[in-house]
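For clarity, chains are labelled A, B, C and D in written order, and residue numbers in each chain start from 1.
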Amino acid sequence: MTHTTTQITSPPKPSEILLHLGPQHPLQPGPFLLDLKIEGETIREAELKIGYIHKGMEKVFEDRTYIQILPLTDRICYLASNSNNDVYCRGMEELLGIEPTDRAKYLRVLTNELCRIQSHLLGIGEYTTDVGFLTMFIYMVREREGIVSLLEAITGSRLNHNYARFGGVAHDLPPGYKEMALKTLGELKKLVKSHDEMLSSDSVYLKRTKGVGVLTASQAKELGVAGPPLRATGVEYDLRRVEPYLVYDDLDFDVITQTDGDVFSRVKVRLLEILESIYIIEQVLDQMPTGPYKQNVMPYITRPAPGEVYSRIEDPRGEMGMYIISDGSDKPYRFRIRGPAFATAQALPPLLVGTYVADVAAIAASMDSCTSEVDR
Amino acid sequence: MGIFVDIYDAIMNFLIFFFSTWELAPWVRGIVGGAVIGGVFGGALVMVYLERKFLGDIQSRIGPNRVGGRFGLLQLIADAVKLFTKEDIIPANADKWLFIGAPIVALTSGFLMVAVIPFDLLVIKGNEYALAVSTMDVSILYLEAVSALAIFGIFMAGWGSGSKYSLLAGFRNIAKMIGYEVPLGITIISVAVMAHSLDIVEIVKAQSSIWFIIAQPMGFVVFGIALLADVGRIPFDQTEAEEELIAGWATEYSGMRWGLAFFAEYFHAVVGAIVVSLIFLGGWNGLPLIGNLWIPGIFWVIVKAIFVMMGMIWVRGALPRLRIDQVSDIGWKVLIPLAMLNLVWSTIIGLMWA
Amino acid sequence: MVDENADNEMVDGTRDIIEPPKIDRTIMVALSETFKDGVFDVDVPLPNRAVARIDPGRVKPIMQFLLDNGFDHLSCISGVDHPPDKMEVVYHVTSYSGPLVIALKASIPRDDPKIDSLCDIYWNANWYERETYELFGIIFNDCPYLKVLLLPEDMEGEWPLRKDYAGYPNPT
Amino acid sequence: MEIIDSFIPVAVFVLFGLVIPLAIMFLVKQLSPRSKSPAKFTTYESGSVPTGSANIMFNVEYYALAILFVLFDVEVLFLYPWVTVYVNDTVMNAVFGFSTGLAVFEMFIFLLVVFLGYVYAWKKGVLQWIK
């Protein structure tokens, strides 16, 4: 793939139009500008322009103490706030040389997987509404409510959870949580299975998604994507398996892959990952050890030794990495956020070239890019 | 029940007597027939409400539930008030007359369709009177012709808005309709073949023993799909696909001007539903085997039309949107051969009946 | 591992059937042997992490070597400002078949921050380089579209992530 | 009833179609607020300033389809008068001297010819949406 597929290189011919999709377009999860040069219904060139909600987080973090950064990591991507907390805390634990308690590890896995489920549910919902299937969107949002309530019961908040702490987590489970979770998840499992069946048998849906926006495994690797778009091409790359963090070593789960690499497969991977996450959570609830949920010493002014760390996690969208450089003070010297959505957003324009205007919504939504995180 | 029929017949007798003796009957009939427009307009309102509630049920949500009590009955009134008091904007680089004309053309097309729709057949002193604003020998041909006017309306809106989304939608509309007018026409012919007439009244009368949906189910399917495409509802709403083209041809329309275009769409959907109930579902003929059950024919037409509308809403709840090239493919490669096959089938059946 | 790769080959028939290179820390030895004076200060702080400094003039052959040895995923490019005299470009390179993340640091002079672009080697380097350019003013030679990505266009030339940045507007 | 009688109500309905929207728009003009600002009168393009005109030379990629559509519509027009007379022996015999079966047979031949042309167009790829 060449870089010319990411840019609009020439002015439109008389038969072509330059169409701006964004920054306010119904297909978008957040503001970005997608410039399309189209001829008839076919896209000749595409260019993605981002930065409409650039928050300068990396600069802001350099001016905050380590504890102050923690709630801000939620805001990188509100659908993956637990993952972001966790990756930051694990990085900091490495710098500080402490280890979370066993129970905290399980609790973090639990919240991470719940977070993945609700993110995937909303991702699939957004996707289905982008192919004109509003019904499935509403079903998905309805199902997501239950998961968000489960997260709320643990963390006390529905969107920006801010749950992980250095060396532990913020709270323990509320009483009776296991029964409540198993009940909700059991219902969710049935519903997701029936939705999967519905989507796999709806002929119009299949027409819209099969063979659309195809990525082969080698292309996906070249474009540098990770997460569901990569696994949909058949590459079994999941950081939970490749680089087992927390307690994923002790848990039994499959890395979900599909083979076609098209839009349908990407959604299918997410659907099946929801089921897999439910399976993980059931194990976590069974195996959860008793004991303290956080370290006794909670340093309020954290001054890690000079050094640097690159910690990463399997976000709902792919590989989330944080590169923290400490100079021994109470603020990071440099804080770099490597977001998964940034990588998938970069890979979007080459996928769009040569497809139809109507497929833009399907392809863009199937990559499940989070604009908030792309812009940071 | 019988008393209602008597009262209904008495009113109708009076009206027919009244019109047939008045010298200016056609003119007056046209003006009084405006009530039918009002009736279908009310039907469009019912469909909007039905869509909100029934689609809400399908999608496991409530739908309007604040304005006008628990069931949101006054939501439409609130919407109308909102539309009336919204600012009307004509974009600077729009073609002004096309822009203004488009909703008028679409709405007029709907009105003209209403003119020939018979709602009932009254037999008075051995004479048959169709309860229609205007009767003609070729009403089904006329119906198809004026319904095609709406395509011009949408294209006028698409081209005249001066917006790129609208332009794409306008071209999509043309591309879609040239694929679907042909199967629509052929299925209408296959219906007419069995009734040996192009008059809707005759077509409905021919269904007194057996509905045409039973005689030619394939024709019903083809007609239904083509009708969905004609009125532009999911899965054929490419012309206003929200996630692709904002609102398609209606992007630049605001306030009541948008409201008119919106109502024109629902008007077409309602008229389409009535047409389906007339030419495939037996019209005022009641149910097969059971008969009319002493209920006046007009109610049968309305009940059947409501069922067709619910079917349209159901389809919308159950299916995503097709892509425009797939729409074109389905029209040309599936529906046209099926429609021709159905024509041959219905001709043979029609001959056997004759 | 072997099974996974067999699956992959079944998926993508066009790929050559080559045993993928082993992703482990021996790559660091190979790297420092191949580029004798190009790679130095090799350190392996954690089982999955390796750090090294590289000669900024030889970044392209080093990356090509890594790509040929199975490190097919450029995870991230970060700039780090070390006033008063130098800047660092940190490359995090990893692989789609193993956990090892190699952080390679190239120090460049602060008054003339230039380094070769990796866009020919790793396709996805493009946006990372553009981001580093607009935030630090590090110029990547031959980057195909080196212009602002996240910032507004009139902020080009501000370099906000440099340590001495005083705030907008700050014409430099 | 004369034919013109059937169309007089139609003419009245055309008047309705013209008058009702205009009356509604007049009413709206009295009710709705007005505030002029230049940005309000640009066309909507997702919040970006539109570049280039929308009234372009569009590639008529379905030109062949349009021609085919005209052909089919003409075919359908041929069928319309035929449906009313094909069983009516007296008319057919009086005008053409055909019996029923013959008229149907002839129309099938006609349909077959059209269908062959349709298959030919399909094979030539006319029905394919151009990418």
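Convention: a contact is a pair of C-beta atoms (placed from the backbone, for glycine too) under 8 Å apart; a residue touches a chain by one contact, two chains touch by 3 or more.
Note that this is a predicted model, so its numbers are computed, not measured.
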{"item": "Chain nearest the global centroid, as defined over all protein CA atoms shown", "value": "A"}
{"item": "Chain pair, most C-beta pairs within the contact cut-off", "value": "B-D"}
{"item": "Distance between chain centroids, defined by C-alpha means - subunit B, subunit C (Å)", "value": "62"}
{"item": "Separation of subunit A from subunit D, taking each centre as the mean of its C-alpha atoms, in whole Å", "value": "48"}
{"item": "Inter-centroid spacing, subunit D versus subunit C (mean Cα positions, whole Å)", "value": "60"}
{"item": "Centre-to-centre distance between subunit B and subunit A (centres being mean Cα positions), rounded to whole Å", "value": "45"}
{"item": "Residues within subunit D bordering two or more other chains", "value": "45-46, 50, 54, 56, 58, 129"}
{"item": "Interface hub residues of subunit A, defined as touching at least two other chains", "value": "17, 19, 25, 40-41, 356"}
{"item": "Sites on subunit B at which at least two other chains make contact", "value": "164-165, 167, 171, 246, 324-325"}
{"item": "Arrangement of touching chains [line / ring / star / complete / other]", "value": "other"}
{"item": "Pairs of chains, among all present, that meet the touch criterion", "value": "A-B, A-C, A-D, B-D"}
{"item": "Of all residues in subunit B, those that touch subunit A in their complex", "value": "58-61, 164-165, 167-168, 171-172, 234-235, 237-238, 241-246, 317-326"}
{"item": "Complex interface listing, subunit B residues touching subunit D", "value": "25-27, 29-31, 33-34, 37, 83-94, 103-104, 107-109, 111-112, 114-115, 133-136, 138, 141, 159, 161-167, 171, 175, 178-179, 181-182, 185-186, 189, 192-193, 196-198, 246, 251-252, 255-257, 260, 324-325, 328-329, 332-333, 336-337, 340, 343-344, 347, 350-351, 354"}
{"item": "List of subunit A residues in touch with subunit D within their complex", "value": "12, 14-25, 31, 33, 39-42, 354, 356"}
{"item": "Subunit C - residues contacting subunit A, complex", "value": "4, 7-8, 11-12, 14-15, 46, 48-49, 51, 72-76, 78, 80-81, 90, 92, 96-99, 101, 103, 119, 122-124, 126-127, 135, 144-145, 148-152, 160-161"}
{"item": "Parts of subunit A lying in touch with subunit B, wherever the complex brings them together", "value": "17, 19, 25-27, 40-41, 128-135, 138-139, 142, 202, 204-205, 207-208, 356-361"}
